[in-house]
């Protein structure tokens, strides 16, 4: 379990995250949604320990944040081949190559295995970065917008890969996304952030079809129109 | 008019763009779609003259590529305030401030005008970058995924801003996007790229609801599901 | 060890001695090093940015030559400038030998390749992205380069300071072309050489401490400017 | 002008003279400069990467001090090392004065701050992004730093070459602690000083040309390595 | 050079080294280079020569970093011995400083002047450029002594250039500026071709220049190699070497550069 207690974070005096109490259970998939600047990335970074909150604390039971895998919103591609990039984090070098090839297949980019990672197109890079994280088989995985640059015909590959990891290894996922449909397809629970606060949370389909708060309603107003 | 003639571009021997003949008329909005790596960004860069094609040529009538405004897929944010970033390209300094403030309002980020541009969140940065391009009032504007990181409640702001420029100034837009719905909302014509070739083009709604080619059909297979 | 301690007292005494000679030496040092670093920075950064941001045939070779010249031995530069400015040399008419301008010329030759070579590599990582964005905004070539310099200012400050470090610590060239003439072309480094040659190691060290103090003040000022 | 032309012929003659002395000097120069640059690079890059990628109190001040030390005058370093290694000094027992290791020690002190200062600023722009990605992948601290170095290799190569340029062109320190003893501690730069001191400017230049040739070969090798 | 190789190998086997600190002007004359191979062959000792400024060479001795000094500055030599740093001054050889200047000779020295004192007076009178070593070297101290004896203080005048450099460079500078300067004869002769200078006064009594060897005191510095410094002095003062010294330069310059005035004591 991951539990955020009275977390506050501000930049230059502006509060960007203000969370009283937020709980993530193991084995579930969470989708975090909210307008730009609502603090989604900051939330994920605090869970991973990349940013320190000004006050409050994050409590962990079981695996600590050190063992979480985390995909930044703008992942860095190392200046060597795609395959080597994916193999980077794998501790056991024996089956690293096989695993990396398999991960690349999962995101539909087998053909690029020898390409230089830093010359990939935006969507290709994002998919490789996601594969690079998922191949690690960590118990908790934080993904900051893994699908923003991915084309409509490949999104399901990434989503299926996530679902598979969740099913087979009981991996916990916390995923930020701008796509409510993706949250519905993927997540057990959606969390709606607004100006750094959790406004609503619940089963995604229910939440997005019948939002309660006016902020959620206006956030979704233009969705599917 | 912009006309691409027998353009070929390859990287490391792999052909990424191969276009016989492609015409853009002035005053229209074009949406370019296609899977990751299909050559959308490369196409836009060649039109702008950032990349040189291996063979073939781009013909212009009226304004030359030098005068086109262009938003890269990964725009650079200069290390000063958001407002100064937006004012950067405005030649006439007299009303630059007023214009910049207005552009920022169009993308819904008035409150960030004093923020350092390089500490913005992903979606904020993308919206500021789009405003920075649109404020220039150029006749031809090339946007490479202006909305990928923009949240659902703000996409319509960006889209309306584009539409307004198109209506009021007859601005020509060539926009790459991963969102067929956005193409339908925005574009006069959609162009479907696949492996560097133009497979289909036409009125977006018609194209996406009744695609002809099998590639287009499978590209859209998971759309809205 | 006592030698080293003595030097600190000595440095202190020198600074507060109100000795006109020592102040003259300090001022000349400042003038020569700052002036030559400014000239080298203008030449080195502007050419470095152009070379670094452009792809052209022979670029690799050019970069190698520039980086090789980062190791130009001051004495050699001194000899070259000496031969140029000497009465019999091509520029002998100017009568610049054994003057402060001659020292500046020699230092510019030494420092420029350092600033240029480091600038080329400093801007490399950001060049492509900034250029693409600037072109998209319709900025001209000069303004694009200016933005590149501005965005790399943190690194370029270090580069300039590395160049300044070379200028202020260098002695071989200023000795030869300046002549280390008392009251005229004697700077701190040449004084240090003179004193150590006399076996006055503590006075040499004391002068070295003064030199580092100056260097520190220059660094401090530069970093202040950079932060603005 | 004829002086300069003479020097080229002279340089050519020296190289192909098969004179054991000149080859000894070239080899010692290579040994001292390469060895001290390697040591300085290991110390300078590793500490520079740590300092550059971390935020801590007093970092700004520390960076200023390091950058000030980029301008350490070689003669001063020479005096300090002399006082340490002198028979009367704290390390006198080692008997290192007027030997090649003493020259290496002095050069390491001169070159390390240069490599460190430039490394700190070179890695800055990429540090945050690479660190975040590496942490996300579960890489340890050491591997993260290694990746940072690897990804900045183009720039760090220039940094090392700038350090090498200083080592190979420096003369004040090696003269003092090496003693410029024929067949023992004479390197190219001290030979140049010896020759120019005798007024043999053309022979000095000839040696300078040889030095630049060596420098060029080192540069060429380094860039080759970097490209791999 | 074959000989060189052999002696070097031999001395490396013996592991026997002698460190000699000397002044640049002695070294630049080429005398030591001329003697070194013979010394190494005869004694099997490797000679390490460190050429430094006069003051620096003395300091090297004081610090115990050299075994023998070979210098030419009487006052500091006497102090060095009096302080117990050295054993005794061994006066080995002498020559004369010379006053050199440009062909123009604005102070009208050539031919007419008999002593350096007189020349210096004329130089000051005509405000002709004079380049001084200005580095506290033996040569510099000699020059200062002459000014003092003449009762003059040249320092601070525009025509008096205090360079703070070695002999070779000062000569170059004097040539460049068409100035007068005081130099040891050996350095001047070795550079004559590259200079627009000529000797205006030589062999004057007040330009006498004594060269001395001093063994560093082994009681004060335990690292000092007494055995080898004894060997060195014994070798240098041997009949064969004294003849060598007297002949040095004869072939190249047509005259001796140094004259032996060693007197065997006890």
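By letter and in written order, the chains are A, B, C, D and E; residue numbering begins at 1 in each of them.
Please note the rule applied: a residue touches a chain if its C-beta (ideal position, glycine included) is under 8 Å from a C-beta of that chain, and two chains touch if they have at least 3 such contacts.
By chain, UniProt protein names: A, B = Fe(3+)-transporting ATPase; C, D = ABC-type transporter, integral membrane subunit.
The shown structure was predicted, so the numbers you read here are calculated from the model rather than taken from an experiment.
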{"item": "Contact-graph distance - origin chain C, target chain E", "value": "1"}
{"item": "Interface with the most contact pairs, given as the two chains involved", "value": "C-D"}
{"item": "Whole-Å gap separating chain A (Fe(3+)-transporting ATPase) and chain D, where each centre is the average of the chain's CA atoms", "value": "47"}
{"item": "Centre-of-Cα separation between chain B (Fe(3+)-transporting ATPase) and chain A (Fe(3+)-transporting ATPase), whole angstrom", "value": "26"}
{"item": "Whole-Å gap separating chain B (Fe(3+)-transporting ATPase) and chain E, where each centre is the average of the chain's CA atoms", "value": "81"}
{"item": "Multi-partner residues of chain E (at least 2 other chains)", "value": "169"}
{"item": "Overlap residues in chain C, where contacts from two or more other chains coincide", "value": "126, 176, 193, 196, 201"}
{"item": "Junction residues of chain A (Fe(3+)-transporting ATPase), two or more chains touched", "value": "74"}
{"item": "Which pairs of chains touch, using the document's own definition", "value": "A-B, A-D, B-C, C-D, C-E, D-E"}
{"item": "Touching residues on chain C, where the partner in the complex is chain E", "value": "86-87, 97-98, 175-176, 179-184, 186, 190-191, 193-194, 196-201"}
{"item": "Residues of chain B (Fe(3+)-transporting ATPase) defined as touching chain A (Fe(3+)-transporting ATPase) within the complex", "value": "11-12, 33-38, 41, 73-74, 112, 115, 119-124, 127, 145, 148-156, 178-181, 218-224"}
{"item": "Chain C-touching residues of chain D, taken from the complex the two chains share", "value": "1, 3-4, 60, 63-65, 67-76, 78-80, 82-83, 89-90, 114, 117-118, 120-122, 124-126, 152, 154-155, 157-159, 161-162, 164-169, 171-172, 176, 188-189, 192-193, 196, 201, 204-205, 208-209, 211-212, 215-216, 219-220, 223"}
{"item": "Touching residues (chain side chain E, partner chain D) in the complex", "value": "1, 5, 8, 19, 24, 28, 33, 36, 48-51, 63-65, 166-169, 171-172, 187, 190-191, 194-195, 221, 223"}
{"item": "Residues of chain A (Fe(3+)-transporting ATPase) defined as touching chain D within the complex", "value": "48-50, 66-67, 69-72, 74-76, 78-79, 88-89, 91, 132-133, 136, 138, 142"}
